[in-house]
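The data blocks that follow each hold one structure.
You will see two complexes here that share subunit A, one where it goes with subunit B and one where it goes with subunit C.
Our next item is the complex of A and B:
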């Protein structure tokens, strides 16, 4: 018998009436104490904690700062409206240094040390790719706002989602017809020599070919490069359009040197605004961009046809009509991407409420509930526009804006349709075990 | 583009790199030559120069040239002051111990970098060039300002050389470099010379940064590349040798420009690093460095 010493044999002990009363009183007192009450309800009212993997330092720091601002605004809006399933939302922020190895450490830290409910955040594709395995190992849902095709490629794992921003492959496919019809058919690509650039390198040529255009040269530039003139002689003379997607702190130099090289007799320019996120379009040396075109996820400058939701979103995040911080015209935002943080947090809210999410034990349910989502209607929760979501490849698809630089502002001249950017799924995450 | 113009462009680009590199590396070389301190924070003084140039030029309104000239004077002075304080508070207390100062300057590197991130922010910010004249060649356009950087750097190098060889200050510095104890015995205030040299070294980096900042923007991480290249230059040229530093800077800058244009930038870096390795194996004192005394 296990109870050798008879500890549980009540017949041996004499439980006096006084002792019994004391015990009952103490128990009642404990139950009435405020701390105890809160503890007993921890499952239902403790805040939902979202681990935010942020580019606070490193080459993505400008993005990180605005991703934090946007996410803080979204969390405030969600909490003001009652939180997620009545629970408050709390962001726990860790710096990933815009570094893949550090990114994976941060995901581990969220899962093991902070014990957050999910991980959310980061932009740079190499950090996402580096961090995704850690999310899979810890079985913690990882919602990224990265724009790259890596999530939709189904090369990552079942715990990684990108429900707030369209991936590059879809963006390119939806814009290629416009480029071929309006800018030119002979295209030279200049892109950063890492994952995000490779998405452009791989998906533009077929998309353009389908429109009768051709990529005649591809120039890869190391992401840490600080001077660019030496690459320009590689641009063939017959180039009609230069397609540029540089990122990082040296992009201004890139554009300026391109301007010095070509002067006014330049080919058409089509760029991803990634090149100039957080940079004032009226910076000295950028006059050269006047008349050129840019992709924008969400327009930086307020447009005449902005929806009420877009206006409310801009006010909540604190950006003015020029896309700069309210009160500091020099503090230009990363408007084309950061809307994805806002929208992703609302997707998380929807999926958690659908799943009846209670705590980390429900993470698998959350994954399935996210995969079950089909579309997001345009509105306060999705101010950039309507989106569809493919649960098999964990990727959303939305509209894209093509904007022209005119009089020192970016003016939207073309909006693509969601259908333009749809492609055959390359795999299916839902077949992977949870 | 044909071979001729292509080579010309490569050479021009290489010259600009060389010019800035020569100034930066000279600062590093001077500090090592005189003080025997390997200043790992040198790149951060460079960055600080660029960041302060941005601060000064945005604070001053009017023609961009006024702001730029002000930055060219004020930024290096402020950086010199920071270096002076760092020398007093850190290096002197370590008695300029070679190992100790390496670790201490690594610490300074991070402190300066993070302070810049905190107070200046993560953005790359542009400084308007004092003039924006575009030289129109038959094959391509080229920035007139870039060429003026080469000229300015050449003038500064000549001035530094004149100061070192023709003035009393230069004599004192050379004496301290040659033999610290004997110099002290002859009444040279060695500690004051050290402080001055450390400040001047940082100021040279800051001047280089102010010159380059209208071309490539001020950013808190911009000090890393110049530091690495400066070390390469100083090792090839010979630590403490002004002539070696300049020659090596031109060599590295030009080869970087030409190789990266005709082949790939990665190959240029590979070759530069390989040259460093070869120099260290076959001529450890550098191309122009004096043999051990």
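Our next item is the complex of A and C:
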């Protein structure tokens, strides 16, 4: 159609019917060509992008590393089995420095820059609480794996969920019947003087009272303390059980000094493994814990009665029978908590498939579909055990493990029932607008 | 500082404000949000700069003034259900009052002792927040619900969670504090502060009440930092003790040193630089703080007086 001078001259161009038909046929052919087909399906076959808010640095780094490993293993398992609604899943990771201000920026970054479908994976409570407003403002579902009571307290917002790990209020409440029946009824609590300790301070006494036990002393230790001997004389002589939840690097000193204080004549000891997550139970100074009991979300050590799902989960994540990384016995995992990442991702899969989730425009549908979930059966998707889910408070409830330190290992001696950890809901997120 | 016409100086500052205004319409969503946060925190740096840059008083406790505003405003909304404007005023008042008390005590010292005393007071403030966890939320903090963060003026209501509203409010606060800082440092009071920084004994000899001037600087600085904290709580909806930790006393010092101490626009540049270096490098490596550290060392080597301080020294002597 170019004239002899090389220029288009539309005035001299006539479009015959044959040319038009040829053009239309060529256009239709092009549209049906493989490239175009792929393009037209791009929206529905593009990967589902999950923004993973990771504690890569800061005080949560040990947890963050294992949360990443577990999540990567879960994503691989989900993708190998066909993904979510046939779409591959992709993790987009940002470090929040275990800092609430940075955490909020990371959520904004996921929502506005990376344009991920959801945000997932946060552990530390102050980061969850600091990031929650950003999730609500961006209307992006925010699935945390924190065990804090903040989600269930209904003080956050409708976009925040914790469907893969039980909350600390439920965990403490579940422990009380076993403690009163097996360890002793007169309990002295020793806890760090900040929020993690306050949960134990506030939730244990009523739960224990209901079982006929009593908290006879509560000793709060300032977080800056590095020596604990001076606090031990405050422990009443009639104490039958010391309930301890010290966390951080001072734990080893705490246990060592407690051992020196009591010698071989000690009361029963009951603790939360949070104190020793990612710490080898056979570290020098921890010998005093032999024979004591711990709460564990999921057991660190492989147990004789482990289900096939539990074995498969451990193999997929890459932890050996001692709960350390396969090939590196010193790299102890955060086994009691990190299963929550695995299970949460399967909850996300279920909710997205229930909602017919296509993209960010369906986020509200995803929220409603998650709220509609009721139960998660034990199995490959939920290897820690069966769970129920309360859509009004966005929190799951499950079984807990009580393990005894025996021969340098943690052996599960009791599993609680889901009902042990249930409590009256404190509010209802579903009344909030989407 | 070489003389320059006030028109030129004010034109520069108005120009910066106009540029920030225009950026609201240009920036992608994520960066619009980040800029709002940076402007709110640049106010913190400006408050710090008034005392440190102009007054020569190095405090390591300014996190307490920021968090006095943060908690003053946040807790009033959370527990008393007050409106946003009233809470903002309460936040500033808390910071100013705290600064007055701390100033009266800490100004009995100077130099390194002043630094240590302010740091200790800030630590006390931080531990008090943890101690009164039943009201403050302790180390976990509190969320100010979206529904509480709405300002009704006349018939109109402004939702502070709306990105544009938030950006404009942060810009308004930043602009007011920038112009107030500029007017202050060009005023008689500002010149007395510089004189105290350069030679306190001589200033005293000239008949100035240096303690009263320093106290006024502490209170003004504390009030500005509290305004930043109050705005932060109300704009971003989170109140937490990490903002009262030592880290938030060191950050404004870094921002100011980076941008240029005793320059009116330096705090903005320092805050902007630190935020973006962190934001960009954290995408590539978890060792981003190492990169931030190297960047700081390079800046100290090549811009010992901060970005704007060095520019003023070498090329633009008229910069305020």
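Basically, the second predicted complex is superposed on the first by the 383 of 434 C-alpha atoms of A that agree within 3 Å, B and C clash if a C-alpha of one lies under 4 Å from a C-alpha of the other, contacts with A are read in each partner's own complex, and residues count from 1 in each chain.
In this section, a contact is a pair of C-beta atoms (placed from the backbone, for glycine too) under 8 Å apart; a residue touches a chain by one contact, two chains touch by 3 or more.
In this text the structure is predicted, and so the values were computed from the model without any measurement.
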| query | Between subunit B (first) and subunit C (second), which does A:338 come into contact with in this model arrangement: first, second, both, or neither? | reply | neither
| task | Kindly classify A:179 by the partners it touches after superposition: subunit B alone (first), subunit C alone (second), both, or neither? | result | neither
| message | After the superposition on A, what does A:410 contact: first (subunit B), second (subunit C), both or neither? | response | neither
| said: Looking at A:84, would you say it contacts subunit B, subunit C, both, or neither? Reply first, second, both or neither. | reply: neither
| Partner chain(s) touched by A:57 [first = subunit B, second = subunit C, both, neither] | both
| message | Output check: A:233 vs subunit B and subunit C. Expected answer is one of first, second, both, neither. What do you get? | response | first
| request: Would you check which partner chain A:195 touches, where first means subunit B only, second means subunit C only, and both and neither mean what they say? | output: second
| said: By the touch definition at the top of the document, which applies to A:112: first (subunit B), second (subunit C), both, or neither? | reply: second
| note | Both subunit B and subunit C touch subunit A at residues 56-57, 222
| field | Touching residues on subunit A, where the partner in the complex is subunit C | value | 56-57, 94-95, 97, 99-102, 104-105, 108-109, 111-113, 125-126, 129-130, 132-134, 136-137, 148, 150, 155-157, 193-195, 198, 222-223
| Okay, in this complex, where on subunit A does subunit B touch? | 56-59, 61-62, 64-65, 221-222, 224-227, 229-233, 237, 249-253, 256-257, 260-263, 278-279, 283-285
| query | Hey, which residues of subunit B end up touching subunit A in the complex? | reply | 1, 5-6, 9-10, 13, 16-17, 64, 117, 121-124, 126, 128-129, 132, 134, 136, 140-143, 215-217, 219, 221-222, 225, 257, 260-261, 265-266
| said: Can you tell me which positions in subunit C touch subunit A when the two form their complex? | reply: 28-30, 33-34, 37, 127, 130, 133, 137-146, 161, 236-238, 240-243, 278-279, 282-283, 286, 288-289
